[in-house]
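First chain A sits with chain B, and in the next complex the same chain sits with chain C.
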Partner chain A sequence: MSRRCGLAALGLFLVLSAGSVLGELIPTPDFSQHPIPTSSVPSAAETAREYVDVVSLALALGLATYWALVTRSRRSLFLLSISALVWFGFVRKGCVCPIGATQNIALAIFQPAYVVPLSMVILFVLPLLVTLFFGRTFCAAVCPLGAVQELVAVRSVRVPGWLHHALSLIPFVYLGAAVLFAATGTAFLICRYDPFVAFFRLNGNANLVIFGVCLLVIGVFVGRPYCRYLCPYGALLGILSRYSRWHVRIPPDKCINCRLCEDVCPYGAIDRPTVDPTPADVARGRQRLAAVLLTAPLIVVAFALLGTRLGGPLSLLDPEVQLAEQVRREELGLTATTTDASDAFRAARRPASELYAAAGARRDRFGHLGIALGVWVGLVLAVKLVSLSVHGSRSEYEPNRTGCVSCGRCFWYCPVEQVRLGLIQDPAERMEST
Partner chain B sequence: MASSSQDSNRRDFLVNGVRVAGALTFGSLAGFLAGRKGHAAENVWQLDPDKCIGCSNCATYCVLDESAVKCVQCFDMCGYCDICTGYFDVNYNALTTAAENQLCPTGAVIRKFVEEKAGQRFYEYTIDLETCIGCGKCVKGCALMNGSLYLQVMHDRCVNCNECAIAKACPSQAYVRLPADRPYLLKQLAFTLLEAKARDPAHGEARALMNKVSRR
Partner chain C sequence: MNEATLRARYATFVWSSVIAAVFSAVVAAALATNFARRVPDPLTTPSYLELKEQLRTQPDDEPLKQRIRQLDLALRDDYFRRRQFAIFGTWLLVGGIVLAVAAAKAAAILHRRLPQPSANDDWGDPEARHAQHALWSVAGFAALLAVLAVAAGLGFHSVLTKDLPSASVARKSEPSSGSPAAAAPAAPGSGVSKPSPQPTDVVASDPQQPDGSSPVTQPAAEEFQRNWPRFRGALGNGISVDASMPTAWDGPSGKGVLWKSPVPLPGNSSPIVWRDAVYLTGADENQRELYCFDASQGTLRWKWTMPAGEAAPEPLEVTEDTGFAAPTPATDGIRMFVSFATGDLAAVDLSGKQVWLRSLGVPKNSYGHAASLAVTGQLLLVQFDQGARNDKLSKLLALSTASGETVWEVAREVPNSWSTPLVVEHEGQSVVITCGDPWVIAYNVTDGKEVWRSKSLRQDIGPSPVAANGLVFAANEFPGVSAIRLGGQGDVTATHVAWTADSGAPDTCSPLVVNDLLVLQASFGTLTCYSAAEGGDPLWEEEFDDNFRSSPGLAGENVYLFAESGKAWVVKATREKCEHVAENDLGEECVTSPAFVAGRLYIRGKEHLFCLGTDVAGK
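Then we have the complex of A and B:
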């Protein structure tokens, strides 16, 4: 105890007798022999690592596309997805990935002060371009998040259509929220709530580990729940895949409509051939489309109005707003406990009024963002309703280009594929030979 | 039949149009962002030591097993005290380098005798970056005196996560993004002292450090 007092007294003495150069600090002594060194700091890490990521991504995308579309080999795709899980997941620790890069791109577009590395731009754009031409081969065997779910999808049940369409809106809402939060520099939501990165790092937030385990357990029965009903990048890829130039086909040749493939797809991504609509169906369909088109603007306006109420809750994720709220509660005596953040704020001796003003400005900004998010959700819903009211016609079993992740599970079950591989004889040829 | 082939032609045309438009959009987006890179450096995380309160979150929240945050010593701010509040635990037994007297849990602060002047003994304190875990105990201790010890994100270790886990956990919001070609922030006072030192042609190492430091 006395020693502690001694230390404090010495400190006080030294502070009082401090020289003028450093204000109230103890002066650095002027040594006769010993020059005062300057500490050094290490330089920034090599950027070579980033380009290893870009090259390995391009290589994996190339292989996945080749094996899905040309050789049609499920086994190769499966092995590639395991390698991707090991390399992008466990070795590179799931970071940086194209899914998360979405946010860097959003931040770079909205805040010019933030400069995104070229490697990250390539990482973001490359899978999008490949999807635009070849379908979602990125999801098939390159994405480590997809790979870990692909492994557990063994007992799939078919998700009812209404539930599937409702849930498939979530990725778009998530995408909108992630872009808004990234653009304001508040948070990188996709990274913060990544359910599998804790497995890759063998370390992480307990709640997210539980979330990840839940997703894997659900994934046994509902194939790839994260990819289908959460992944914001998957939402983008789904749109692009719809317009892809080449896409995996289930039969390598003419479909014989045996419907063996339909049951094997764990992702419910195979569309049946359509039956020709009757004139009454056509008339009803037109009426429905007209009704949906008329209500679409109303939906957007309604969600924009709902969005005006979103600003408050959204701003609660902002650390400055959180701090202002905590400080306000402390000043009003509403809470007796202080947080580390409020202690740090008081130690900095910043006036509370300044903090309130800053937090108020942030809140206003989130008010506008809430409306933007509302409009976005309304648009997504309206487009979904319109797309549900428009029917294409199919004469054979086809992969649903939005939902199909090119995993190649259906190939093996297709009799036409078995003929191509020479494992069974073409029925038509057999008839001729007998 | 004619109308159905017309339909499919029209559909193909639309689909091709969308694809070309999509490819052009992504191409120009990439070009735009890549072009901007020509004007400024990429960004990396750094902590502002003037805002740091030494809460020790840096040691535990980093996604790396051993944090990318380490302590550095600004020798020009150091008082070379015998009784160093950044080195000795408040309950020290003796002014020796025995482990029980030290504040640092890993013994990463190295104490070396320099000179004795006017009955006062002066010691130099350096940080062993290999053993430092970035807990900030010495930073908090040193803050009682000169505050010459402070934490920094070391860029040979930092993997520059999108959402820096420490930045998220930092109670004083001390984490900022800096341009990668000047990835360090010094304490305001340390910066002023370094600037003065770098003007002296004898101090090449000070100028080298100046080149890595961002101005506020």
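Then we have the complex of A and C:
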């Protein structure tokens, strides 16, 4: 019966699909009915709206923290993430958000003329503060980007550890680049390359839509790919979460090391208990750590030197440098066409020499910032290598504080949790059933 | 909930998810197809632009206007229809995806099973196992970042070099007076070439087409070749792409003369043709003008007059042979560029509106400045040779066609000359070839750096170089003609001169390549023919009882020779002989070179501009 219903539904949907294609072949009536839109200047957003954003963020953070740490309700967290997706995503259209606010803060720090609204500062700082105390509950059920990925994580596979560690460095590199470009006033990279904002607005750059779709398709099999391997704000949250005062735990009480949770996290964020190393392992580990510590400064210096080569390529994103390049190419006859920007420049009667001088100054600034980016990347690499060289010590199964997004998926699998919920009397019951 | 119910619900959710996924995939495919077929700006489709282009030449064609309106409507209709479909499809897609995901999750929850860790899974020390691999993967990632950084640095190429003209130099060059003025002539014997003044006056920098539209793109190379945009045509070789040209005319009776129009001011510049107009300059001691004639009717559409400026400190002397308007104009399809014996340069758009004006200073030139202009890409090339060699006043300038600002300039170790530069593409490099005593020099178009030079000339240089089949032909009365192979570096006198000859070399007329032959027209009337590849002895010589200053032209198999008296011969040049086709008379003196466009020949006589050809009736 259910199979027949399924087939009937399939047929219905195929007809609808065909209609959506055929619709293209049927000409629309009468173009003369098309209303010519009148252009108008949109009014400035009301100040109250900024505080609605702040209040709704604070409320969501509070609820997420409460449901993750206190009531340990996966269902509530899931419903909250859907609500966050609808409100912060589709209603507020993904802007403003704490992730993008990183750039506003960077711009405000480096450009005194830019005044960042207080609400923006709160949006940026509040999730960081909450994370410092309670872990990444922002990621659990508040961030709409995380929420949409959470929804599609259906058949997650485990990413090999060695690959995960390498890919997890990308958010830090992205963070450095985003701060650099924001600080120079060149571009807000995080906003420009947000893969999901086009979904929220049902409109956007085609390439980014395709990128977002690819991320979601990947997200079906690899949990939260953007959060884990791209999100620059997540890099900051991961650092703070590592030192959080409180954090989600897998069992509500003591862990009985039943191993039932060890592979259930779709994000690979459950650390197993460690085994005491042998003296030989300890010696090897110390040697490895010493080598890494000695190499760390060299890595930082090497990447600083590499950063000196980046000033030119990085500056190509700057609109003034792009304009100077275009104007110069036109003068040299290297391009047969002009651009709107170069036409406007010539119409404005600005001397080309001034433009070149300004572009040269911008490029020099990027040269210095390229070194800073190189130092940052070197530091990140060095710290990562050091952290991998330090042997941890765990006696039970714990969420990896850096990677755990406090989503609560692991709760159901824990027999101690099942006892708490009254579903079983004794953890042994669950263990016997496996 | 019993097992059967669970299984039924699970199946329902799975099927729902599959159906919704298929539906979403179909909608996504339809959206992708719609996106692929979209036209970002419907008003830039080639068919539409072509019709608009036709309308420019046929402004009164009502059926054409109707077609344009219909096409315009159809394009806009299609554009908005696709947008509407994209919006509708997006909603469908969102709904389908939401349904697919929700059903899949519901099925996953129903199907949730407890994990089954292996009883004998001895994982050892996970820290130790992962750490080693992770260290290497992080190191690999670091190496990848380093490679990317190096590649970005190495692959980075900027046209903004350190030696761009600075703002302070540009300001110093501008005269204090706001009106355009001929700058004081450079002091002879100073030994230093002063930086050329930047444009002193710019009117509108937005060049307009005659219909008022403002094109921002240069026409394609094919259009340049179909027209006659500079001295001796698009490639500077005097060869028409249109083989069907008139061979018979008689100025006094009007036979074969479609029209002739008086030119207000005298000049020895040759006509250039762009689309439906013919352009000429004329000048005397007091005035300098550019004329635009209708190519079909010969009517004067407009004339542009150079604004009067301050009088030069000393009167400019030019010979009658040269006059004040000897350099032939040039065009980039958007603007007309003109120069005069006074060293004044100007850009005028196709509607006659001045775009920019510039004065290079009155040149120190014994006969008067006569080198014509050349355009390549967005550069206007000006060969400004003057004075004696030791004066070090000569230079080659590349100006921005849009603004007249100097992009680069290079000093030349030559005295005054009257040859026009030639731009040649060879093995991916674009070079401008110049002639001046004693050098033929090739410069890189991009930055003016010298590529090669050959010591192949002597004395006053009038003829302009031509190029064909990897060879540059530079000729002058002394020492003769040289064929120089392209592609050299540095001084190629000893290595790249394929052949030289001294018989029949011209002192004014530029050479002509006719298939595998090189034809030289001497001023005193002798037409000499060589093998272009091998040189050697002349294949033949033909005497014409007249004097020549006009450079020969080629259309099809016919070579056109215009003599000073106004007589003109049409001949066929073969290896064996010079075969006479026709002898004609323009009816007035002629020292300029012909322009060949669309089956018509345009030539300037002493007082008139002629259009030679046959009308539809064959007259």
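The working rule: the second predicted complex is superposed on the first by the 381 of 434 C-alpha atoms of A that agree within 3 Å, B and C clash if a C-alpha of one lies under 4 Å from a C-alpha of the other, contacts with A are read in each partner's own complex, and residues count from 1 in each chain.
Assume contacts are C-beta pairs under 8 Å (C-beta built on N, C-alpha and C of every residue); 3 or more make two chains touch, one makes a residue touch a chain.
Values in this document were obtained by computation on a predicted structure and should not be read as measured data.
Once chain A of one complex is fitted onto chain A of the other, the partner contacts of A:A352 are limited to chain C, with no touch recorded for chain B. In the superposition on chain A, A:D426 makes contact with neither chain B nor chain C. When the shared chain is aligned, chain C comes close enough to touch A:L388, but chain B does not. Look at A:T38: by the touch rule set out above, it reaches chain B but stays clear of chain C.
Looking at the shared chain after the overlay, A:T274 reaches chain C, while chain B stays out of its contact range.
Considering which of chain B and chain C touches more of chain A, the answer is C. In the superposed pair of complexes, A:E396 makes contact with neither chain B nor chain C.
Of the two partner chains placed around the shared chain by superposition, chain B and chain C are both touched by A:D343.
Put simply, chain A uses residues 3, 10, 14, 27-28, 31, 34, 203, 343, 347 to touch chain B in one complex and chain C in the other. The touching residues of chain A, when paired with chain B in their complex, are 3-4, 7, 10-11, 14-15, 22, 25-29, 31-34, 36-45, 93, 95-96, 100, 103-105, 108-109, 112-118, 121-122, 125, 128-129, 132-133, 187-188, 191-192, 201, 203-204, 240, 243-245, 319-320, 323, 339-341, 343-345, 347-348. The touching residues of chain A, when paired with chain C in their complex, are 1-3, 5-6, 9-10, 13-14, 16-17, 20-21, 23-24, 27-28, 31, 34, 151-152, 154-155, 160-163, 165-167, 169, 173, 199, 202-203, 206, 213, 259-264, 271-272, 274-275, 277, 281, 285, 288, 292, 299, 302-303, 306-307, 309-310, 312-313, 316, 321, 324-325, 328-338, 343, 346-347, 349, 351-354, 356-357, 359-360, 363, 374, 377, 381, 384-385, 388-389, 391-392, 412-413, 430, 433-434. Contact residues on chain C toward chain A in their complex (touch as defined above): 8, 11-12, 15-16, 18-20, 22-23, 26-28, 30, 33-35, 73, 76-77, 80-82, 84-85, 87-92, 94, 96, 101, 104-105, 108, 112, 114-117, 123-128, 130-131, 133-142, 145-146, 149-150, 152-156, 158-160, 164-167, 169-170, 202, 205-206, 216-218, 376-379, 398, 400, 402-403, 405, 407, 445-447.
Of all the residues in chain B, the ones that touch chain A in their complex are 15-16, 18-19, 22-23, 26-27, 29-30, 33-34, 36-37, 40-44, 51, 53, 55, 57, 63, 65, 72-81, 83, 85, 88, 90-92, 114-115, 117, 122, 124, 126-127, 144-147, 152, 154-163, 168, 171-173, 177, 179-181, 183-184, 189, 194, 197, 203, 205-206, 208-209, 212.
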